[in-house]
Structure formats: structure tokens, C-alpha cells
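Take a look at these structures.
What follows is a pair of complexes built around chain A, which joins chain B in one and chain C in the other.
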Partner chain A sequence: MFTFELLWNALVAGVLLGGFYAAVSLGLSITFGQLDIVNISHPAFVILGAYIAYMGNEWWGFDPILTGVAAAPFFYLIGVGTYRFYYEAFERRDDEALRGLAFFFGVMFIVEVVLIMVYGVDFRSVQAPYIGGNWEIGMIGIPTRMFVPCMVSLVMFAAVYLYLARTFTGRAILAVSQDRLALELMAADPVRVKQVGFGLGIATAAIAGALLIIIIPIEPSVGRLYIGQVFAIVVLGGLGSITGTLVAALILGVAESLVSTFYGPSWAPAVAFSVLLLALAVRPQGLFGR
Partner chain B sequence: MTRFWIGAVAVIAAGLLLAMTDIIANSFWFFAAYVVLQYVVLATAWNIMGGYMGYVNFGSAGFFAIGAYTAIVMYNLIKAPLLVMIPLSGVVCGLMGLGMGYLTLRLRGVYFAIGTLALAVVLETLMVNWDYVGGATGAYVIRPREMEPFGDYVKFLTFVMLVLAVIAVAAARWVERAKFGRGLHAIRDDELAAECAGIPTLRLKLIATTLSGFLMGVAGAPFPLYVGFVEPVSAFNLAYAVNAIAMPMIGGTTMWAGPVIGALLLGTAQQIANVTISSELNLLIVGLVLVLFVTLAPEGIVGLVRKYFGRGR
Partner chain C sequence: MLSLNRRGLLAGAAALGAAALIAGAPAKAAEPIKVGFSMALTGGLAGAGKSALIAMQIWEKDTNAAGGLLGRPVKLIYYDDQTNAATVPGIYTKLLDVDKVDLVVSGYGTNLIAPAMPIMMQRNLTFIALFGLAVNDKFNYDRYFQILPAGPKPITDWSRGFFELAMEQDPKPKTIALVGADAEFAKNAVKGARIHAKNYGLEIVYDGSYHPKTPDFTPIVRAIQARKPDVVYVGSYPPDSVGMVKAATEIGLKTKLFGGGMVGLQYATIMTALGPKLNGIVNYDFWVPEPTLNFEGVEAFLAKYQAAAKGKGVDPLGYYLPTYAHAYLEILGQAVKATNSLDHGKLAEHMRATTYDTVVGKVKFAPNGEWAKTRTLMVQYQDIKDNELDTFAKAGTRVVLYPKEWASGKIRYPYTEAK
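On to the complex of A and B.
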């Protein structure tokens, strides 16, 4: 069944969804796109962030987004620790390809199982004043539950973008995988730069997780589905291109929204992975690849 | 006859003896042994690609599940017996493996690994939306109560799985020793150099992915009869993908014995933890052990044994 009203609503919902996807994939765009670390466990950290927002909300009635922002520094430290471990165990020995991948796969699995053990497999959600509202503009409905996360996501995206583009450390993060030697000549230690970059990537997961649980109720294993989304977005956008990540996130959001409106929500999970397979097979360097 | 084949025949004979008599009366042991043996097949199949050739497959659960779903289709169509299902599931998954082999033309390393994960999710979505095989709600398969001369049908299934495990291990051992296996090693170490040295890399990769897919499909074929009810979440369970990677990594990826040791140890440990503690905790153990081994003992148990006992090939 096709009507223009449905089409316009699906497009608007898709853009809002894409804005949110930008937050989820921003961290991976830094760790995988800039630092060449295949952090397949990134979605698991997003889910962890979501559960922390849930805890703050359920126990003390904190606002989920503020909880996410407050948790970000801790996630930064977790990221720094994870990278140190990864560096000592794999990268320094030049052994990162296969074993590093298996390592992050294991980390993802551990986070998921620990969450299942603590919270069970029930779906959890949060309470906030902006959840449940709906603005009607003409025939288009904008749920605030989608609009707020999208805006927060774009603000975070802009902040990280400015940090990477304007500060010395930010530029060093962008440079580290391109020319390591030149970076060392600029008196920056590549390992410490990567440490900051990885920490930053994980820190964004705390906020992205808070946004996720505002949009939909979650349970521990949904993280796996987001592997498809985040990798599809980062690869489609082009590794190393932060702007590309944003564009790709919007494209994927709109594509998923159209498919779930016109073909049914049960087909939506396949969209991201199909886009990923297509992108990998046809244009591996992505839309904005270097 | 070498020692290996004598061992293989002895294992099958012992399995036959245990399955046909009532020495082990409690059929729980067969239920548990079936799962462990199924993991021997899966881990060995994964290792042909992941260990020998260096291409990580995160989509083992996809192959396993398609093996199971092929069996369901055969059951729904003609009520096919198990021994017809197994080779057919193998062929379907072998073809899927062949397709994945062509994917390696464009995708190397990390991208290939992510691509296989994508493949598994796409397949799961297809199965969820395919009503003929039960869709999201799942499909029932009625297991015969008895199978002569084994008595309980589970005994028969376990024996079949034992034979499949021996076949899989023999195939892996053949790959390892043949010129073919040395070609795969060359691809793992440096694909470009291997190509330059005149190794037909594409052909070898296609054979390896097809063989690996075939064996995974074979492992999945008896699954519907074993559980009696198949739905996408259980068939595409991430535990299969994690175990298929963790077991060879723990045992050691360079030798056929590695995945077997890994599967026997980890599989048995999981069965024990499943009964005595909880099923979540046993998955946590898998994750922790995987991370531990990947970090501390990259060559696995086989590597440790070689290091400390100095035994060469």
C-alpha cells in the first residue's frame, strides 16, 4: 500500500533514525576508520551505555541523556584500558589481524553475557518527559522520542568533528594511521594518540547507548544487530571520513525506514547487512573514501 | 593403515558398541555427547578456512542453520530420512561456501570477516520471513521414537554425528597433508606472494570454502531431528559462531588435532556447566577462555604441548 503521506512520514522518520545512527557509528568511525582497530565490540559498549542510562533512570530517576554524558568519562577510561591491553597483547607483536579480531569478538560476547546475567533477557526502557510526545506538522508526525536523540546525536557529532579538526591531538588522531612516522617527527607518541582516540570512540558509545534506550526498549543481544548498522555506515561512508559517516548514517536510516514502512519491520535488519555486502563488493572505499 | 586410521576405526567401533548396547542406560549422556561431537564437526570445518587459510568466518551459525533448514525443507516436502538430509544439507551449504569463496575476490582480512557476519544476519532475516519453514514462530519435526538396531533414536543420532566427526577430521587431516594444504598455508602467510609463486589461489580458496561450508551444513542437518523444534533464534544462535572460533583457537589452529581437542574440552565443559551452573555462565566461560587463549597462548593447546614437550611433527 502506497500513499504520499506514508512516504513523507517514512522519509522524516528515516532522517531522524539516521541522525541517531550517526551517534552509534561515530565511535567506530574513529576506532576503525581512523585508527585501523577493528573494534567489533563497539555495539556491545553502546548497549552497556544503554544499561547504565537505564540504571540511573530506574534507581534515581536521572535523565537518560545526562546519565550518558556523565558516564562518558568512565567509558573513556575503559576505552583507554582496552586499547592498552590490545596494544600490549596484539598490536605490539604485529599480530592484530586474526587474533585481535577474535579478541574483540570475545569482548563483545563477554559484555553481552554479563548483561544477560545481571538483567536477564527482558526488554528494558526509560522514563523521561520527552518520551511519548508527538508533533504534528501538516500530515507529518514527528515523535519527540526520535527527535531529541537525533538532535543530541548531531550536537555530539559536531563537537567531535570540531575536536578532530581543530585541536592538535584531534589532528594527530586523524594522522596516526596515515603517516605514523611523520607524527613521531611532530613529537607525538602514536600509541598515546591512539589511546586517546580509542577512549574517545568508546566515550561516544556511552551517549549513543543513552539515546538508543530512549528510542526503543532494549535487551542485551540487540547489540549484535547493530554490528551490521555501524559497519555498514562506516564502510559506506568511507573509512577515515567523518563527514562520510554522517551522510551514510542518514542514507541507511532512510533506507531502513522505507523498507520497514513498505515491506514490514521484519525485513529491516537485512537492510543494513545488504547495504554492507553491496558496499564491500561494489565500492569498498566507500562514498567518501580516500 | 596408519595409526590415525586405526584410531578412527576404533573410535567408530567403540561408538557403535556403546550406541547399540545398553552399557550406558541413561540417554542424557547421548544428548550431551551429540552436542560435543557436533562442535567437533563445526570447529574442524571452521579451521579449514580460519586456521589453514587465514580467512575468519564469523558466519558459522548461518551455515549451521541453513543446514538445519535444508533438512526441514526436505522433511516438509517428502519426509526425507536423515541419511538423505545430511548430504543434501551439505551440498546446499557447500554451494553457499562456494559463493563465499567468490566473495574473497573482493574482500580480504577484516572485511571478509565482517562480510560473513553480514551474510549470517541476511540469511536469518530470510528464514524469519519464510513461512514454509515456520518463519519466526518455528517448525516442528517429529522425531521417530526408535531406530533399529540402536533402540532409542538419540543413540542413532549420536552415532551418526560421531561418524560425521570422524569424516570431518579425516578431511581436515587430508587437507593438512596434501599439497593443497600447503597452498592454503601460503595464502594465509602472504596471498600476493602465493599468487606470484604460481599457486592457483582462487581455485584453492574456492575448494576450501566449499569444503568448509559442506561440513558445517552436514553438522546442522540432524539438528531438527535432535531438538524436534527449530526457530531462527536457536538455529542462528551466536553461540555456534563463537564456539566455532573459540574451539580451534583454544586447541590450536595449525593442526587437525587442535579443533578436536578444543571442541572436546570446551564442549564438555559447557555441557557440565549447563547442568550444574547455568547456561549463561557457560557462555561467559567460553568468552573468557577465548580472550585468555588468544592473548596468552596464540598457538593454543597444541602449541603449548609442542613448546613444553618439544615434539616436532
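On to the complex of A and C.
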């Protein structure tokens, strides 16, 4: 069944969903795409961010997004500490390939188990004035529960993009995975640069987690569902490209939404990953990869 | 002064030996009866699994306080199946071969019951299952019993009430949309609904399934809305149920009857999160605090459960699953007592023939191990004005509409007005 009303609504829903996917993928785009660290524990940090937002909302009535923003500096420090440990234990000894992967698997499970021990396994949600609302603009409906996370995600992208493009440290983060030696010749310490980059990636998880709990109820293991999705987005966008990650997330969101609306929702993830395979067949480095 | 001779020594030794034998006999008798099972304590179903475990431990404690079974204490032996069906066969093999359990019951949910069935059948064990939908349809095992009150034909009995209610309304609905998750339970629920829709002559205008990790249900609800169905039947798991209700509220779903098989809307945390958005939805349930379902022992059990569940991050009310997790062990205990035996053949025979009194009321099994008569409730969320837990702990917010003998109120129809 095709109507233009359905089409426009599917496109808008897809963009909003893509915006959310982008927020979840941004940190991984930095840690995996730019720093070349296979941080598969990223979704676990997103869930941790979601629980912090839940805690702020449930205990003190704070807005989940503001809680996420407030938690971001702490997540930055967690990221710095995690990378430092990873560097000392694995990277410095050129042992990061397999053992580093096992390390991040371990981090993921530790985060999950700690959350289970602290919060239990029941589903958690937040309350906020923009959850449940809907704006009708002509034939298009915009659920505020999806619109607000999408806007926050875009602002976060813009901030990270400007930081990486306009500051010395930001450019150093972009450079570290491309030419570590050249960076050292510029008197920059690659380890410290990667530390900052990893911290930044984990800091975005605090905000992404807040966006996640606005959209769906969470429990400690829900992060596992998003591992494939976020890696696919980062690879589709092109490793190292922040713009590519945003575009890839929007493409996947729109593809899923169109398929859900017009064909069958069960095909949506398969079609999204088919887009990834097709894109990689044509352009192996991803949409914006070098 | 004591004098010892050979005869006296022999008599003393004999007396000591007899005393040792007598003392030894209760020592052996005090060996616990071990009940083994797997349970989802981590993973997607952990919320339900942990709350079930609390209920089962209450049964264990109460049974032991009352003297145990056959003069022996009972002991639950369990392992976390991680909500992963692949772990289940290994767990039951260990329970039977290493832990040497005397009795076995299932973990929570269809997906985690089915993998244990071949082992139970191979070893001829009586197996009581906790919330499996139509598991025995494929196995036809005569020592399988199941506590979910779906009914003897679980696939269709599950949604029978929803459709009977729909067809009683005036004007009768003519079209229906069916939507469910791509997972075992939801597929079975929607399959049953499809059969009813065809039998009642309802035109199926939408028949779709979705991947369980779908985060946004707006496009799906819009696609349904575009087809203007009179009835929307949903078979979903907790996160999807929340997504579906939120999307329906945001879009303003216009239909006459909405709900059916949405798992999660019975959980306290989800009910409090959704609050008034639930109004008007007609959905399945198994026990709600309505006066018609105030069975003997249920209040006392719930008081114990609610005290034990505090601070554990599980369902604080315990209506949905814990009552039945307690009941399936009650049945096992009653069968052991009545047969005075741990013989699996005798236990199965007793379970086939007996009506049990439990905290969820009277339970009688059909030949296929399901409930002899469906008691899958259809309840409608009514008059919910806030998101407080206490709202859902009192009568009148989840009104029982079906089966008629347990009804506690009347349907508000259509959904667009009831909400």
C-alpha cells in the first residue's frame, strides 16, 4: 500500500531514527574509526549512560539529556582510564589484536554484570515532558520522543566535528591513526592524544545512553543488540569519517523505516545490512573513507 | 560401682550399634529432595526469571518450615541459562548426572523449555513447565505439564478471549491488523490470532512481523493506521510492547480494539512507565488484583514475595509470573505428598488425574499437559490517571473481561474512546 503521506512520514521517521543511530555510533567512530581500537564495549558504555540518566531522572527528577551531558566529563575520565590500562597492558606490547579484543569483551561483561548487581534486571524508563508528544505538520507527524534525541545527536555531532577540525588536539586525534611518527615529529605524544580521543568517544556514550532510554525501556543486556548496528554504521560511513558516520546512520535509519512501512518490518535490519554490503562492494573504504 | 564382664560388653556394643543405626536412619532420611531447573537470571528474560526464582524460594522455605516432603527437606538446585536456549541441555544433563536431582521443573519461557524436552523424554521424567506456549504440540510427551493457563489448544486458546470479546461488540468489527515479533512466542500468538480471524470472517488488512530489536515502532503503526483496521492484534515482547503503545499514543491510532498478546504490559515497571497511555488497551494477563481472583493463599504469598523482592530490581508486585512459579512447585509438592513417592510415573499419573488447589486457583491438566480449560484472562486497562505503583496494585485498573466466570467489569469500546 503506497500513499505519499506514508512515504513522507516514513522518510521523517527514518531521519529521526538515523539521528539516534548516529549518536550511538559517534563514539565508536572515534575509538574504532580514528584510533583503530576495536572497542566492542562501546554499547555497554551507552547502557551505562542510560542508567545514569535513569538514576538522575528517578531519584532527583532531572532531565535525562541534561543528566547525560553532566555525566559526559565523568565518562571522559573513565575513557581515559580505560585506554591507559589498555595501552599499558596490550598496545604497548603490540598485543592488542586478539587480547585487546578480549579485554573489551571483558569490559562489556563487567559493565553489564555491575549494572545487574546495582539495578537488577527489570526494565527501566524515564519521564520527560517531550516523551509522548507528537507534532502534526500537514500530513507529517513528528513524535517528540524521536525528534529531541535526533536534534541532540546533531548538536553533539556538530560539536565533535568542530572540535576535531578546529583544535590542535582534535586534528592530532585525526592524525594519530594516519601517521603516528609524523605526529611524534610534531612534538605530540600519540599515547596522550589517543587517551584524549578515547575519552571523547566514551563521553559521547553518556549522552547517547540518555537518548536511548528516552526511546526504549532498557535493561542491562540491551546494549548487545546494538553492537552489529553501530559497527555497520561506522564501516559504511568510512573508518575515520565523522561526517560519514552521520550520513551512514541516516541512510540505515531511512532504509529501515521505508522497508518497515512499505514492505515488512521484519526485513528492515536485513535490508539495512544489505545496503552496507552493497556499498562496501562498490566502495570498500566506505562512503567517506579515504 | 560398675562391674564389667564379657556379656555386659557385648550387650553394650549391641546397644551402641542399634543406637548408631537408629541415629543413622534419620540422617539418611534428612537427605534433601533435590529439585533441579535452569532459570534466566541474566539476559533478556532475567527480569522475569529472577522474580520467578524468588517465588520458588518462598515455596522452598515454606515447605521446609512445614516439615518438607516425605519427611525430607527440599532443596532447589538451579543454574543460570542466560536466556540462551543453547545452555539448557547442558544444564539439565549436569543436574541429572552430576547433581543427581530427584525432580525437575523448567526454566521460564517457551524458548528455554523446548530445548529441555528431548532430555526429559529420553529419561522418562515428569516435567512441569513454567510459561511455555504450545511446547508439547510437537513433542506429544505424556509426562509434560504446563502451568501457563493457556488452555488445551494453546495456539488458539491464547487469543480466544480477545476475539470472543471483539465479536460480541456492536457493530461487529470487520477488519483486523496482525503484527508480532519474529520470535517463538509472538509467532505462535499471532498464528492463533490468524486462525481466529479467518474463522470469524475478519478481513486481514495487515499481517506483519518485525525484528525484536526494532527501536522505533512509528513506521509500523503508521502502516497499520493507513489500512484502517477495526481490530489491531499485537504479539510482542516487553521493549516492543512499550514501543508499540508509545507509537500508538503518539500517532493517535484509530481502531476499535487494540492489544491481545503484548508481553510486558503486566510488569510493574512498564505499567508505571506507561501510566495513562495504557487506558483502553485489552490485553492478556494471568492474575490481577481483582476481587474475582482472590484465591486462597494468594494474598499471603504476595505479601511474602513483595517483601522479598524489595531492592532486588525485579517486579515489585509479583502478580504475573511469581504467582505461577509458586503454583507449579505447589503442584509438584502436592503430587509427591499424595503419591508418597518420587517415582516419575506415579507423579505423572497423579497430575493427569487430579485438580490441584494453588495460589492461582484450581489447576486441572488436559491430556496434553496444558490446562484443561483456558483461563487466559483478557483485561482492559481502565481509569489510570497517574504513573504510581499503588495505582496498579488496586482493583479497577485492570478489569477482567474474559473468561466470563472471572469477569470483574465491562469493556469500554471502542479503543479510541476508551483511551
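In this section, the second predicted complex is superposed on the first by the 260 of 290 C-alpha atoms of A that agree within 3 Å, B and C clash if a C-alpha of one lies under 4 Å from a C-alpha of the other, contacts with A are read in each partner's own complex, and residues count from 1 in each chain.
Just so it is clear, a residue touches a chain if its C-beta (ideal position, glycine included) is under 8 Å from a C-beta of that chain, and two chains touch if they have at least 3 such contacts.
Owing to the predicted nature of the structure, the values given are computational and were not obtained by experimental measurement.
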item	value
Contacts of A:276 with chain B and chain C, given as first, second, both or neither	first
First (chain B), second (chain C), both or neither touched by A:133	second
Chain B versus chain C as contact partner of A:105, first or second or both or neither	first
Contacts of A:114 with chain B and chain C, given as first, second, both or neither	first
Touching partner for A:225 - first (chain B), second (chain C), both, neither	both
Partner chain in contact with A:168 - chain B first, chain C second, else both or neither	neither
Overlap of the chain B and chain C footprints on chain A, listed as residue numbers	113, 116, 221, 225, 264, 266, 269
In the complex, chain B residues that touch chain A	50, 54, 56, 58, 103, 106-107, 109-111, 113-115, 117-119, 121-122, 124-126, 128-129, 136, 238, 242, 245-246, 249, 278, 280-281, 283-284, 286-288, 290-291, 294-295, 298
Residues on chain A engaged by chain B in the complex (per definition of touch)	38, 40, 85, 89-90, 95, 97-99, 101-103, 105-107, 109-110, 113-114, 116-117, 221, 224-225, 227-228, 231-232, 235, 264, 266-267, 269-270, 273-274, 276-277, 280-281, 284
In the complex with chain A, residue positions of chain C that touch it	41-44, 46-47, 49-50, 179, 182, 208-211, 213-216, 218-220, 222-223, 226-227, 238-239, 242-243, 246-247, 249-252, 264, 267, 269-270, 273, 277, 312-315, 387
Chain A residues touching chain C - in the complex, by the definition given at the top	1, 3, 5-6, 9-10, 13-14, 16-17, 20, 112-113, 116, 119-125, 127, 131-134, 141, 143, 145-146, 215-217, 219, 221-222, 225-226, 229, 257-258, 260-262, 264-266, 268-269
